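Okay, handing you the structure first.
Residue numbering begins at 1 within each chain, and the chains themselves are lettered A, B, C and D in the order written.
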Amino acid sequence: MNNKLLLIGIVSFIIIFVYWLGYGLLFVEGNSATFIGIILVSSTIFFYIDAARSGKEIYLRPIAGLKAIEEAVGRATEMGKSVLFVPGISDMDQVDTVAGINILGHVAEITAKYETDLNVPTCRAIVMESARESCRESYLRAGRPDLYYDDIVHYISDDQFAYAAGVNGVMIREKPAACFYQGKFYAESLLLAETGNSIGAIQIAGTGSASQIPFFVTACDYTLIGEEFFAASAYLSNKPELIGSIKGQDIVKFMVIVIMITVFVFDTVRQMGLLDFNILTFLGLN
Amino acid sequence: MDILKKIFIALGSMDRRFIFLLVGFSVLLPKLYPDFFTLPIKASSHSERVFAEIDALENGAKVLVSFEYGPSTKPEIHPSAIALLNHLFSKDIKVYAVALWPDGNFMATEAFSAVAEKYGKQYGKDYVNLGYKPGGEAVVKGLASDIRTMYTVDLLGNELDEIIVMENVKNLLDFDFIFSLSAGYPGSKEWVQFACDPLGIPMSTGCTSIQVTDIIPYVENDQIKGILSGMPGAAEYEQLVRNTLSLRGIDVNPGKASINMAAQSMAHIVIVMLIILGNITYYLTRKSTKKGGVK
Amino acid sequence: MFLKRQMPTIIAISVGLFILFGHFINYEPIQHFVDNDATQWFDIIASFAIFLGALNMLKLQVLKVAKKQKNWQYSILAILGFAFAIFAGFFFRGANYVNLTEIDPDKVTQLITHISTIQDIKDPLLMKKSINSSLADYEIPKIFISRSNANHFAGLVSGLATDVTVGSKPWGAHVQIEGSLFSWMFFKVFTPLSSTMFALLAFFVASASYRAFRIRNFEATLLLVAGIILMIGRVPVGELIPWWVVSTLIVFGFGALIAPLIMDKKILFGIIFCGFFASIGLGIIFDWSLAVNTPEILSITNISEWIFDYPTAAGSRAIMIGIALGIIATSFRIILGIEKPF
Amino acid sequence: MDYMEIFGVWLSVFLTLSIFSYLYKDNPFYKAAEHLYIGVSAGYVAVISFWQQIQPNLFGRLWPRIDGNAEMGILKSIWYSIYEFLNWLSTLGGWLDRSIFPENGIKGFDQISFIYIIPFILGIFMLLRLVPKLGWLARWAIAYIVGMAAGLRFYGFLNSDILMQVKAATVDFSGDWWSIFNGLILLVGTLSGLVYFFFSKEQSGIVGKVSKIGIYFLMIKFGASFGFAVMGRISLLIGRFDDLIISNSAENFHATMWITCIMILLLAIWAFLEKPNNGDAVS
């Protein structure tokens, strides 16, 4: 265990040392703080992924919205209605969409297991393609490849509100019993969530768009807020390496908090005139 | 008392279409009868900051205005654009327009044609409209290093080297100020991250209300100098420009945002009233729901 | 099998690493690729993919019509709308302009009269000036959708200049300028639809806030109070609210905050009434009705500005950092190849 | 008089009101507008992305404008004969006018960027999804995009949303008490908000208390966002009403008034006829 830590430490040190040697020559000047940040973040997360792989138990606090997913699909099954999954309006160049598609994989696995209809309207053709891949895999994993067909995932329009209008149409005419909104959303979030609310569906939202979280919080039953949304697929997968990465992410967060407090303390001391040391300059942030 | 309670409970369970109707009327009535609804407009510190920054620019300075909105968000931002152009042209500042959104250049064309004539400004001599380039942040980065790698011609197809105002303008460093009129992505955030922060050019923004809470950390950090938030922000800026210009002997018509503030205020009041009503009902019926054990 | 299964993972990992570390490498073409080309490539691929999506949409709508499924009649509209957009985009350009060379200086006024029949002229004098400065080669400031209208206008003004030509703007420009069939579609069909869908939100935001802004618990109350203060404080009407209304609201707001804690209505109302009379009393004693005397906290505008400058900014920052961490961790998992959506 | 213009005004008023009619409930007008919108927008986006991405940015980079009279090397002339072939295809063998591929290349760039063949190929791979046997090639294109996103966002978000915000952890003590207090609020709010997001710690004890404070800050942020959203959406509604009022002018023959009246009448008739078999009104 400790050997691995040492090994990762040595490798990171060597990388940073090489960077330092080539600084200004091989490497661009001016963004050394970011470089060191990347190495630090990567090695921390990698360490915990590795630890989890070798069998370390990791506790994750429960997130209500994730527990509710299976429940929601179950209810749709009981009612004989379909499940709607909206992967947001951004393309695959946003990490949010990637996270949303990963969650879709888990939802599809559950619908396959329960033999419930799934409907995934998309706003981008590339998202449509990867959502299909993801659903096909899930149906296969659930042992029900016979239930899968390509039109589970279909394209509506690249335009934001045309897409919203189309999804709205699906909702008011097909009346799904469970609606998932997982991805990057803009103004259409409330339009979707309010319509979903008016048809009485269970709604579970998750998004990394800070400005849309309030609408989901007020109109949906459960909302995965910001970082929770990105952690969701790891939670659901139960794979040790993904769960390890969540732990690593937590440690990075802890480091950010510690650094912020350190910056605050040192800067306060500096402002009092007790110490002639500017921590921001030291960290390369000024 | 019991009757009152019943009324409140009945109101509380009203069909949401009544709410729609109320909101619709609250906007429509002040529009149809503007004389009954007039309100004084007082500028917030953020709008004042924007005004002061622009007003401090010298005559003949160069300002880049980026149009990052389209017809659907026009009501919120276009008034800011008009007021801004009034302000800039009255100070004989050269204006350069770019669009990061495809429909942004329609907005830019409309704004210029509404304002330029009044100040006798000529296209190509006093202002230029470079049009839309796809790519978002890549465009911003490109402009930062060399405008001519991004744009070889302007919106009307003129070569950049033939345009008088483009003389001695090589990249963003040649501008004194950047103003982003932004309705989302790509927008103000990209200008801060990829142009204004690295190059140290002052910038302000006029953005949609919904974006304000996302952009406010940058304003607090002084990476953006002031912010016009949505239509109310536009109205405040319009008012500041109008008052100042009239002191300088130029008459500007009251702007669209200022006119619409009455409707805006009415709608807000109606919504707040609805919320209060909803809460009274909620409070009166709380015990029964508690028993029911609904979430 | 290798090409189907492993190759995509290898591409994703290598592209990810290349772009991540490309930011640091001091070699101009790599920097250029990372800054510009990488996203441009994506845009190009996405543009190709759009046709794939459009075909899928079309297929489903056609199937709906063919199978006469419920509401199939409306699908015809979707197909027609799509066909019209493609027609305006690739087959019928419009965007006809009329160009005059060597205008007779004496007939400029006549020309302006002709122009005024097709377009509003705000300032004829200024227009005269601009025509006079480009007599040799002048383009009429109106672009015609139909060729015959342009020809008709050219016929009207043919006597005023040596040469009158009718042409049409190049392909590609037709999606950017007014006066093409495509821009007509944009302004008359697309814009009203999209901006009205957007404006529907005004109603939904009202009904959502009516339903959701309840003093259910302390958190919900904070949401409600911040929301209401912002709504009132950011519009001019907030300025008009006199001190006693604000102080009353503060008292009630305080009451709302403690309401979840106190179940006995009598005690709660007692506290609220005491606070109410105390604040009014203080106001009368210190004469707050004079603007100078009013404490700053009794202006809704000031309160709202404080809320969005500090607590909101703090909340925003926390969410922003959290989201950034989530994105970084997900990106890292993609680069490691343990998370792959393809 | 421009009939196209007047027709356009009437059409846009009709479409606006059709969408608004959704507020009453799902009805034929809304369904028609919705379907038309989906069709038009899909076509609109396809056209725009072709004329503003594929044509200028891809073809323009591969075949930039060259001097038609100048001598060309053999490789270059082969290269441009591909261009002519594409033109031949796009004009259906010369039957249509030259449009996508103007003579002598596309204006905009001065140098051929051969590297753009890669996105061209990846784009075609994407379209190969239509050929069942070669559909898997689309995965390569998706893999490129996902990899690119990971590389770009990792750097971008670490830089601007974490490191830059660490900078903001300082409090300026040179101001008055009030501004120091506000600075502290900012810091405490940010830190406690972050604590809320800890996944591998149970939210009890001190962590629970701090994260509770964090939730309060998040809630205030959400409330404020909501308030701003109300403001923005109302502004947009006002904008729509402005347009409707303008369309009601005499020169447009009072389009708004007529269409409103007729639509309400038709909706009333529809609602009356619909009633017996309609158990699922949206409310």
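In this section, a contact is a pair of C-beta atoms (placed from the backbone, for glycine too) under 8 Å apart; a residue touches a chain by one contact, two chains touch by 3 or more.
Computed from a prediction, not measured in an experiment: that's the story for all the values here.
Participant: Give the chains in contact with both chain A and chain D, ordered by label.
Facilitator: Touching chain A and chain D alike, sorted by label: B, C.
Participant: Centre to centre, using CA atoms, which chain is the farthest one from chain B?
Facilitator: A
Participant: Determine which of the two chain pairs, C-D or B-D, is joined by the larger number of C-beta pairs in contact.
Facilitator: C-D
Participant: Between chain C and chain D, what is the separation of their C-alpha centroids in Å?
Facilitator: Each chain reduced to its C-alpha mean, chain C and chain D end up 9 Å apart.
Participant: With centres defined as the mean C-alpha position, give me the chain B-chain D separation in Å.
Facilitator: Going by mean C-alpha positions, chain B sits 19 Å from chain D.
Participant: Quick one: report the Å distance separating chain A from chain B, using the average Cα coordinate of each chain.
Facilitator: 31
Participant: Quick one: chain A and chain C, Cα centre-to-centre, how many Å?
Facilitator: 25
Participant: Which chain A residues reach two or more other chains?
Facilitator: 31, 34, 38, 41, 91-93, 95, 98, 125-126, 129-130, 133, 156-159, 161-162, 165, 173, 187, 190, 198, 210-211, 213-215, 217-218, 225-227, 231, 246, 249, 253, 256
Participant: Could you say which residues in chain B touch two or more other chains, in rising order?
Facilitator: Residues 16, 20, 23, 27, 72-74, 132, 134, 209-210, 212-214, 217, 220, 229-230, 232, 264, 267-268, 271.
Participant: Mark out which residues of chain C touch at least two other chains, giving numbers and ranges.
Facilitator: 20, 23, 39-40, 42-43, 45-46, 49-54, 57, 71, 186-187, 191, 193-195, 197-198, 200-203, 205-207, 209, 211, 213, 223-224, 227-228, 231, 234-235, 308-309, 312-313, 316-317, 319-323, 325, 327-328, 330-332, 334, 341-342 - these are the residues of chain C that touch more than one other chain.
Participant: Over in the complex, which chain D residues touch chain A? Could you list them?
Facilitator: Touching chain A from chain D are residues 19, 22, 26, 31, 34, 37-38, 40-42, 44-45, 49, 126, 129, 138-139, 141-142, 145-146, 148-150, 152-155, 158-159, 162-164, 166-167, 169-174, 187, 190-191, 194-195, 197-203, 218, 221-223, 225-226, 229, 280, 282-283.
Participant: Quick check: in the complex, which residue numbers of chain A touch chain C?
Facilitator: Interface residues on the chain A side: 19, 24-29, 31, 34-35, 38, 41-42, 45-46, 49, 91-93, 95-96, 98-99, 101-102, 105, 122, 124-126, 128-130, 133-134, 151, 154-162, 164-165, 173, 187, 190-191, 193-194, 197, 208, 210, 213-215, 217-219, 225-227, 229-231, 233-234, 239, 241-242, 245-246, 248-249, 252-253, 256.
Participant: If we count contacts the way the header does, which residues on chain B are in touch with chain A in the complex?
Facilitator: Residues 16, 72, 184, 210-211, 213-214, 295 of chain B touch chain A in their complex.
Participant: For a test of understanding, state which residues of chain B touch chain C in their complex under the given definition.
Facilitator: Interface residues on the chain B side: 16, 19-20, 22-24, 27, 39-42, 44-46, 71-74, 103, 105-106, 109, 117, 120, 122, 131-132, 134-138, 141-142, 155, 157, 209, 212-214, 216-217, 220, 229-230, 232, 235, 261, 264-265, 267-272, 274-275, 277-279, 282-283.
Participant: In their complex, what parts of chain D are in touch with chain B?
Facilitator: Counting only chain D, the residues touching chain B are 23-24, 48, 52-53, 57, 107-109, 156, 160, 164-165, 167-168, 186, 221, 224-225, 228-232, 234-242, 245, 283.
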